[in-house]
Every structure is written in C-alpha cells, then in structure tokens.
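Letters A, B, C and D name the chains as they come in the text, with residue numbers starting at 1 for each one.
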Amino acid sequence: MAEQVKKKDLNIFVEYLTRVEGHGHIKINMKDGKLEACYLNVIEAPRFFEAMVRGRSMFEVQHITSRICGICSTGHSLASIKATEDAIGFTPSVQTRKLRKLALHYETLDSHLLHVLFLVTPDVFGAESVFPMIQTHKDVILLALKMKKACSDLCDILMGRHTHPITLAVRGFTKIPGKKELEKSRELLGELEKDLAIVLGVVKLIKLPEFERETEYIALTHPDEYAFLDGNIASTDAKEIAPRDYLSFVHELNVEHSASKHSKNKRNSYMTGALARFNINHKKLPEKLLDIAKSLGLKAPCYNPFMNSIAQVIETAYCLYDAIEIIDGFLKNGIDQSEAVASWPSSLEKNKFTFKSGRGVGAVEVPRGILFHDYTVNAEGIIEKANCVIPTNQNLANIDMDLQKMVPEILHKTKEEITLQAEMLVRAYDPCISCSCHLLDVEFVD
Amino acid sequence: MKYSLIEKLKISELVVWLKNKQYKVVGPKAKENQFVYGDLDSPDELKLEHKPPVLALKKYYLPQEENLLNFSFGETKGKEVDVSNNFTVVFGAHTCDIAGVICLENACDIEPKDNNFFERNKNILIIGIECLKPCDEYATCVTMGTHNPKGGYDLMLTDIGNQYLVHVNSQEGLNVVANDKIFVDADSEYISKVNRIRTDKTNVFNKQLNVAENEIGVLLGRTVKSPVWDDIGKRCLSCGNCTNVCPTCYCFDVRDEVNLAVTEGRRYRVWDSCQLKEFAEVAGGENFRKDRKKRQQHRLFRKFKYPIEKYNRNFCVGCGRCSRTCMAKISLIETINSLAKESI
Amino acid sequence: MNNSLYNPIKATIVATKQMTATEKWFKIELENKKDLNHNPGQFVEVSLLGLGEAPISISSSPTQRGYFELCVRQAGKITAALHKLKEGDNLGIRGPFGHGFPIDELKGKDLLFIAGGLGIAPLRSLINYVIDQRKDFGKVNILLGCKEPKQLLYTDELKKWEKLTGISFRCTVDRADPDWKGNVGLITNLIPGIDIDVKQTYAIVCGPPIMYKFVLVKLMEKNIPDKQILVSLERKMKCGLGKCGHCQINGLYCCQDGPVFSYDKIKKVEGAI
Amino acid sequence: MSKVRVAFFDFADCEGCQLQLTYLNEALLDVLKHCDIVNFREVMHERSDDYDVAIVEGSITRPYDVERIKKIRERAKILVAYGACAAIGGVNGIRRKYTIDEAKKIVYPDREFPIETGEVKAVDQVVKVDAYVHGCPTNNNEFAEVLKCLLLGVAYKVPTYAVCVECKLKENICLYEKGQVCMGPVTRAGCGAWCTSNGNTCYGCRGVLEDFNQQGQMDVLKKYGVTVNMLKDKFTLYNSCKMEEKNG
C-alpha cells in the first residue's frame, strides 16, 4: 500500500499505544491539508493516589505511592520519602544519601537498558517486537537479558527487589548491605561495565529521524554532580528555583483528551527527561562521556526529541560509573550496618522520635524526567494533602506539540511510515515500557 | 574421656585453626537484638555468651529445605541427591540445643532410618558451652534436666575464670585437643572445680515447672478438657513459629518444583508445622485436627507424652524458644503450671 | 544411597477403566514385571515427579502375580493428573507401605467385611485373597454401601461375588435410582441382620471417616470383641515412612503402624476414630 | 504438551507485576517453549483474540473495564488474576473510603471535562477467576509454579498458612519482638517473607488469610499497643476490597 503523494486527508488512530501510568491512543486527523487533531489521547483508568494517601501515616505513604508506577517505583519511593522528610524536618545521614543515589542509579540503569535494548533495538533491526528478535538476534537478546539480570540482582541486594523496593524508608534503609553484598555488587557492576561496551556498539547502528523543535527544558541541577537525587529545579527559560517552589514552573491543566493532567510553564509545553537533563547538566559529565555522546551525534543543546534515547545511553554509562564509585567508597571506608532503621518507629523508640508538621516537597530525577511529590503532614504524622506530578504527564503537552510540528513535515511519506514515526516519537520519550509498544488497529481515511 | 584446658584468649585461635583445616565453622552470632547460628567468617563473630539462637541446631542436620531427588520431567525415577556435607564444627552450642540433637537422632533412628540425618551427623563436630546461669524467664532447662552437659557433644567448655575446662567426649574431640599450641591437659584439681561449679549452679538455676519432668505427659493426658486449652486455642494465631524454632520438631512437607522449561525438577522437603490448618487436612476436606486448640494440644503431647512412650524421654529440651517467639505470648511454663494447678 | 527411600521405582500402566465419574481403575506392572510383594491392606505412594505423590491402597490380591491394581478417586492435584494417564504411560511407585491385614491371625476365621464407598479398594485386596485361598478361611460376609448406585465400584466383580458360594454379599445405597433393585439405606442398617458367630468372626471395616463411629456402635452391639475389629484408616501422608508427621494419630503413625489397626489398639486413642 | 496460547491484559494498576516477568531473564525463553504469547501490550505489537489463558493484571474500576473483563472471561479457558490489584483489589481499594465524587474532587479539583471511573473491584468481584498469583508485586517463583500447573492442567494451590512460617525459616527476628507491627500472621504466605526478610514489615499484599484468628490477632495487636486507627490502616492498605466483602 505504498503511496508517494502528499496527503491532504489523513486519519490515524493508534489504539492502546501509550499510557501515562496507563494507556493511550495516538490520534492524527487531517482534513484538506489542515491538521484538525493531533495528539496523544490518554485513556488510563484514573487511580486517585492523592485521595488514597490522604489520611494515612507518613511512614506508609511511600509504600503506597510506590504503586503509582511499577517501572519507576524506586523514584516514586524516593520522591515520597524526600517530601516526607522535608515536611517533618528530618535530614538523612550522608551514608543514606549515598545509598539512595545508588538505588536511583540502579533504577535508571535498568530502565534505560530496557528502553534502549528491548524497545529501540527492534526498530534498528526492523523487527516488530523483541519476540521475533529471539530468533534473528539472539545475541542481542541474551545480552539484554543478562544485563537486566545484573540490574535486578543489584536491586535485590540493595532494596530487596526492584519493583516496589522494600528497604527504602523514611529516615533511611531498613536493611543495609554488608561487605559480602557490596563485593557481590561490585562484581556485578564490573560485568555491566564490560557489557556496556557492546551496547555502545549496537547503539551506533541506531538511525534516528531528523526532526527539531526547540522547547523549554526542565531538570534538577546540582552544583557538584549530574543531578538525580537532589538539587534545585533549572529551566532553559528561567532562573533556578528550589523544589518547594516547583508550582511556579509546573502549571498543571486538565485537557479533554486525557485522563492525565498536562503541564506547562512559560511556553505551551516543556520537556523533561534524559535529553532535558543532558541539555542542562552536560557540564557535570566526565569528559569521556561527552566524547561518547559526540560520537553518537549528541551535543548540547540538542532540540531533537528522538535523541532522548541517546541521552539515555549516556546516562546509563554515567550511572554505572557513579555506582561503581559509590560502592568502591563503601568497600574502602566501610559501611555502617547499624544505621538501619525501622520503617515505622517501633514502640521502643516512639518517644525518642520527634518531628514537626508542615509541607514538604521531594523532587527526584527518574528515568523519564523530573518527579515531584508534595505532602502536608499534620502533627500526628498523618498526610493531610498530597500532590504528585509525574514526568510523563509533564511531557504530554510537549509530545502533542512535537506531533503537531512533525506530521506536516513528513506528509510525503506513506501512512505506515508516518504512523511509525509518530510512534517512534512517543516512544523516544520513553513514557513507560507499555507506551513504547507498537501500534494496533491503524485506521486510514484518504 | 579426658579433660583439657584452653585459655579464653585462645578461642579465636582455635576458630581460625579449625577454619584453616577447611572445616566449616558455625556458631551463635548476633543478629539485631538476638542471635542466630551462622558461618563464622571471623572469630570475633562468635558469641559464646548468647541466648538460644532463633533456629536451633536442627537446621544443620535437617535443613529448612532439603533436596531429595533431582529429575528430568517425564521420568519416573529421580537422581538421588548426595547430602554428604563439608565437615562442620558447631562452636558454642548450649547444652539444651545439644539435647535437641539427641532427640532428633532418636526420631531419625526409627526404621526406616533417616539416612540424611546420619550422613550429616557423621560430619558434624560439636563444641558445646555450659551455661552457668539461666537464659531468661522462658527457659525450662532445669526441669528438663538439660542445663548440665549430658553427652551428645565432642567437646564441652565450662567457664572456670580465665580458662575453659574442656571435657573431651569423642575421638574427634581428642583429635582437636591434641593441638598442644591451644590446649593443655587438665589435672584432677580442675575436675573437682567443675563439680563445685555445678553444685553452685543449683543456686542460680530454679526449677521453672511445678511438675516433674517425667510427669508432664501424664498431667497432659489428664487435663485435655481443661479450660486452659480453650484459652490457648483462642489466642493461637497458627503462625507455626513455635514448631519452627523448636529444636526437636522434625515434621516436613514434600514438594516438587520444576523449571520453567518444564524439563528438569527437584523433589525436596521443607519443614512443616502441625500448627497449620492444612497439616492434617486431606483431599475432600476432612481435617483431623481442625481447631487451634487441638493442634496446640498435639504439639505439647508430641513433646511430653508420645516420646516418653516411644523413646523414654521428653522431646522438650527446655530452651524456651517456643514461648519466647510467640507473639500471642502462649507460654510453656504458664500452660503446664496452670494445668498442674488445676489438676490438684 | 542417601535418598533411596524417596526414589520411586518405574511402573507402567497396562490397563485402565473409568469406573465411575470420579473413580478410575489402573492395572500396573512394575519394571521387569517384578512382584510388588504386598500384603492385603497395604498401600503404595504413587509418584508423578514434578507434581507429587499420593498414597493409594493396593486393591488387588497378592495372589495375582506380575501386576497390581489401584482404584483412584479424583480428589486433588495428583489424583487429577493420574486420571489423565492412559495405558502405556509410566508412573513411579514407592512401597508397599504400612501394616496390612494380619493374614495369619485371620486364617480359619469367619470374616465380616464392611466397606463404605472407596473403602472397598483396600478390602477388595483381602476379599480376593480370601476367594483365592478359600480353604484357609471360614464364612465370609460382605457389606457394601455407597451414596448412589452410579457410584458403585467394581460392579462386574460384585456380581461374581454375589454368586460365589460360602460368601454372602449385601449392598445398600443411600439414595436409589429408578433401576436400583437392592437395599436402600445406611450400611449400619445391614449389620443387625447378619448372622455371625461372634467368637469366630473378624470384622474388617473401611470407609469414609464418619462411617466408623456408627459402624463400630453396631458391631459392639453384636458383641464382637474389640480385638476382632480391624479398621483401615486414612490420614494425610507425605512420606509413607513414619517421618513427616502428617499421618500421626496421637503417638501412632498411620502409615507405619497402620493403616490397618485393630480396634482394641486405638479405641483409647483420642481422635483415631 | 501442546503450546498454550497466553494473553496478558491490564486494568487499573502500576504494571509492576508484568514488569516482574522481564526479570525471569533467560527463563523467559524457556517459557516461550511452551507458551505462545499472543497478547502482551507491554512489549509487542501483534495481537490476537484467540487464547487459552488470560493473565489479568489490575483492578476493575470503570464500566468500560467491566465489559472488557467480561469479554476476556468469555474467550479464555482459564483466567488468572495476576498481582494484588487483580487478586484482592490491592492499594486501589483504599479509594473505597471515598465516594467517587469525593475522590474526583481531591485529584481533579477544577476539571471541567468528565472523567470516567467507578467502584474499585478485584477481578473475582466481577467475573470468575480460575487461578490466583498474589502479591504486590508478584514473585517469579510462584508465577513459575502457576504456569507449570497451567501447562500440566492441574490446579495451583495458594498456601493457606501465614507469612510467619516463611519468615521464621529465614531466621528473621520477629518484628513484634522489636516493638513493631506486622501483618505476617494474618497474610497468606508464598512470597518467602519478602519484606520482613529485608527489614521491613509485612503489609499484607498477598491478602488476608481466609480463616485467620480475628480475635486472637486483635488481642495481640492490643497487647503491642496498636491503636484502632493504625489497625484499620493495616487492614485497609491492601485488603479494602476484600474486607468489605468479609464484613458483609
């Protein structure tokens, strides 16, 4: 069904494509050369987390909000814990902060690898999904599975499991790895480091569409490090602000075609995620990673959203090296296992544990972008109000605007090609593994 | 057999020496506010002064989970799993825990013998430590007569100040004390010292049960209808903790597991508990010990009544674990003493 | 070898028959047609590696050589899987286990068999043994009960038993269907009417757990001495070796001390009946 | 064994349980020897409505989903409730303490457009379920066991005993002995005491045991100084949907 003519009418409906913590459709509708509709339609069943956590103990809220998303559950836990600690005026120990960074690195590693190896490579090799690749590219699949296994083993050691981590708690970790576990972790990271070289080889083969649209980029930024866990909020359009003021950047709005709220700042949309982080924080990356980035065609500032996947590859390397550094530090200087805390102050320590009430915000960079949890905790330690702003939601408006710019630019392509590229665009934002799946039931009206 | 002496300061040296012989050395280690038996990676992990560890020594003889057969799916015969273990030294077991091993040995010795137990038993050397004071309010070791060493070990350490007096009770034990860099022979003077210590012990160790050891079974038999049992039945949560921690409980379940390719599998046994609802429930729904009260009765009968009939000894060694671990605070001492009070 | 006690031996199903909606009959040969060498009343652990094991009574007489028979009711995981097997399929067997009926003690005595439902399976082993060694035993009474006619097991064989001389066979169902011409009512109703010499008679009982209480009352009314009442009991079992503890009835292990017990041994044992 | 056609579906959930399957790693390839995965939106494009086994994740919340699950039920020979959201309602059930309008007001205070939702239900509160894989998230050992049973055509039986059993075998110090509160005694085992073995408490994600000792448990909690509110929180975290069922 190849057509070469530039289309005047186009009607694309990709059902069950995307989700924002759920599911969505792509809808493109062109009539007489005019784009009437072009957006990502989010039809996720709303789950009402902000309502669910209201009235519950501040010690279990992170357990609940982790369930917002299985894929970035570590990020949600950490944002939640940080919001709670911020609200009650608790400062975690230096060791806790290091371990949390490690936890976040593991999740980013796992998530980015999954995205690049399972979801982007099928495009590179012209496969429909990973399943056919088991036959055609078994080596890549085995490598991917091996690396994911290493990630999940790392998570098991530090957090009990990857999905919905167990050991993360308000005040610290409920279990702290010992020397043996650290050694095992170091070994796994060493293996990953070796495998990463092969991944970079595969990534070199990726050919991404040429498309640019300058937008606002928002990410955490930190004076000493490529920010993931801590920092202020930076924008390419405005001055840095503290996490507590996130609402002056993030304006949430409801749109009819989506059960998820959209966000915007000064412009009609902004982008968050790996590319935004790279654009804002690339100076904090070691030289050798910048060189690799350059060899893969990524240089800041970059306005091609498809390059988000490449930025993820660079971050994968960054997280890996930083994780190794953290573990080596523990191996050299020791780790204090007695710092382990109870997830809930026990009856034995209850009277010793005091806190203040108030509002707190936790901002964390998760694989898909900046994540905010915002709680108000009362004097009894109960959550009175909660707000969570999820990265994919923040990107939705930007995705719509990218689509609206991109589709008219590629009208000379076949409908299949247009649909594929639209999907690839959505997938580039890596909204979640489920969103990055392939299309179904495409409908064309000429 | 004979007595030796070891300086307290040389205990570490002994551990290291045993480890250098490629023995696996295990002993009580601290875990949070309690203790567990575990591999001693370094000698300072050993806590000779301890309360009964969470699980008793039985895990080294009949592990929580133990492979029986490996098989290829679709086959009718499996490959028998070799259980012969690394030579293991258990360092620092209390006398009650050693008595627990003797109970297990009795049970496993009934024909057909449990070969796995004896296979492992061959390769375990026990270095015990004598308690000079009771662990806590849960222990009933004095009543059960397990607070003094009564065999079942290779070496037994008794604290006599700066040294331990070592009672050597087996050929393997002799081989260990033969290391004259660590041990020296003890003369008879020390033996009378130990006897003195034992007599002094009676002052700090009180009998915890108001019933004699050999009468508990009879008491239980007489009081099955007592309201004490109803109360226990109401409180018990059937968590199985009391049997899992008990040094002498040995019931197990047999399970099969196959890999996801459904090509290979294993048949293994895991500790089971008579406190669980399904323990005596058969297909079709009949349950021969349906209520918690019956199950708790069964547990104590299996400690104090049936073994007396079968092995002429109680299967409780007075370690106090079951009471210590029970979140409903069902206490062995309280139960027996209440029953005794009632039946007067 | 270490775990040989747990390793099944290979056996082959040589014939099967669906007897009722829930019961299936299996004729099984051990590797090389070895004899199982069992006593009537013993059981085997039927083993499907990957799924588990189930204790099943041997329902054929040891006088039949080279094979044995089982009758399996579909009750759960293993038994459901067994029902899927057909002629030519293999399975594993461990055993025979337990104490069967005390044949020597029974020799020369009159026998009163009382079977409820699937309880006929273990008793059939002894019944057929007695039929094959008829001279060694006295009078034989067989009482059989089940819920409905369509649940009757071994129907062809029952007809044969009915015709044998020196054997009195009676059957009853709780609920009749239009074709049923026999007794209706509980099996306990048949007991008072039978004519037995109490001193000479051994009663042999097997059936669902609730049946025992009622049958025993009737047998006691008949004044059969406790020692001469034999029951075959069912308990949950895992190992068959007297180790796993599941089948324990107070101090007794059903799998090793039983499954056949004489009533005088267990009447004081709480929870046995 | 012939190949089984397996389809995955998800409803209101976090997709964490499906993600668990990617941690099967190489065993995933083994699974594919016996199963044709005909629908798995997470990672594949192809889709088919012809399947034997439907593995359903997530709670049912919208009228639209009720229809969808009913259709899936009609088509599937075997329907598996996969993960806490599907099996017992899970954390989604917490929302039951609000009316739908209240919940909407809290989360979408100034939304002018309609938002479609309904009461949160576990899958078996809408259609018949043949097998359960409990947990939030599920664990792969148990999933393997369930899959094996499906392939062999026998029923998988969820343990009927408490998490404590597995907890003790792992030699954990009981949280009650450390002054903490744990759902272990009333929660069905099968996770290997995942949380308590990692220093946390059990939250009851595998569902409350069918016949746990209610009075006994209350007494224990009282003994340990647990307030009624805290107790309620513990039971409503995962088990809201099922508790209401229990209390009529």
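Throughout what follows, contacts are C-beta pairs under 8 Å (C-beta built on N, C-alpha and C of every residue); 3 or more make two chains touch, one makes a residue touch a chain.
Here the structure is a predicted model, which is why all the values come from computation and not from measurement.
A.B. asks: Going by C-alpha centres, which chain is most central here?
C.D. replies: So the chain nearest the centre of the shown protein is D.
A.B. asks: Considering B-C alongside A-D, which chain pair is linked by more C-beta pairs in contact?
C.D. replies: Looking at contacts between chains, A-D has the larger number.
A.B. asks: Using each chain's Cα centroid, which is most distant from the centroid of chain D?
C.D. replies: C
A.B. asks: Suppose each chain is reduced to the average of its Cα coordinates; what separation in Å results between chain A and chain B?
C.D. replies: About 51 Å, centre to centre.
A.B. asks: Just curious, how far off is chain C from chain A if you go by their C-alpha centres, in Å?
C.D. replies: 65
A.B. asks: Approximately how many whole Å separate the CA-defined centres of chain A and chain D?
C.D. replies: 25
A.B. asks: Roughly how far is chain B from chain C, centre to centre by C-alpha average, rounded to an integer in Å?
C.D. replies: Here chain B and chain C have centroids separated by 40 Å.
A.B. asks: Specify, in ascending order, the residues of chain D that touch 2 or more different other chains.
C.D. replies: 148, 152, 178, 224 - these are the residues of chain D that touch more than one other chain.
A.B. asks: Among all residues of chain B, which ones touch two or more of the remaining chains?
C.D. replies: Where chain B meets two or more other chains at a single residue, that happens at 258, 262.
A.B. asks: By the touch definition up top, name every chain pair that qualifies.
C.D. replies: All chain pairs meeting the touch criterion are A-D, B-C, B-D, C-D.
A.B. asks: Where on chain D is chain A touching in the complex?
C.D. replies: 10-20, 22-23, 25-26, 28-29, 32, 37, 41-47, 58, 61-62, 65, 90-92, 94-95, 97-98, 102-104, 106-108, 110-113, 115-117, 136-137, 178-181, 194-195, 197-201, 203, 224-225, 230, 233, 237
A.B. asks: Under the definition above, what is the set of chain D residues touching chain B in their complex?
C.D. replies: Chain D residues touching chain B: 1, 24, 27, 30-31, 33-34, 144-145, 147-148, 151-152, 160-162, 164-165, 168-169, 171-174, 176-178, 184-186, 211-213, 215-217, 219-220, 223-224.
A.B. asks: Under the stated contact criterion, what part of chain D meets chain C in this complex?
C.D. replies: Against chain C, the touching part of chain D is residues 148-149, 152-155, 157.
A.B. asks: Under the definition above, what is the set of chain C residues touching chain B in their complex?
C.D. replies: Touching chain B from chain C are residues 1-11, 47, 49-53, 75-76, 79, 90-92, 208-209, 234-236, 238-239, 241-246, 248-251, 270-271.
A.B. asks: Under the stated contact criterion, what part of chain C meets chain D in this complex?
C.D. replies: Going by the criterion above, the answer is residues 50-51, 76-77, 80-81, 84.
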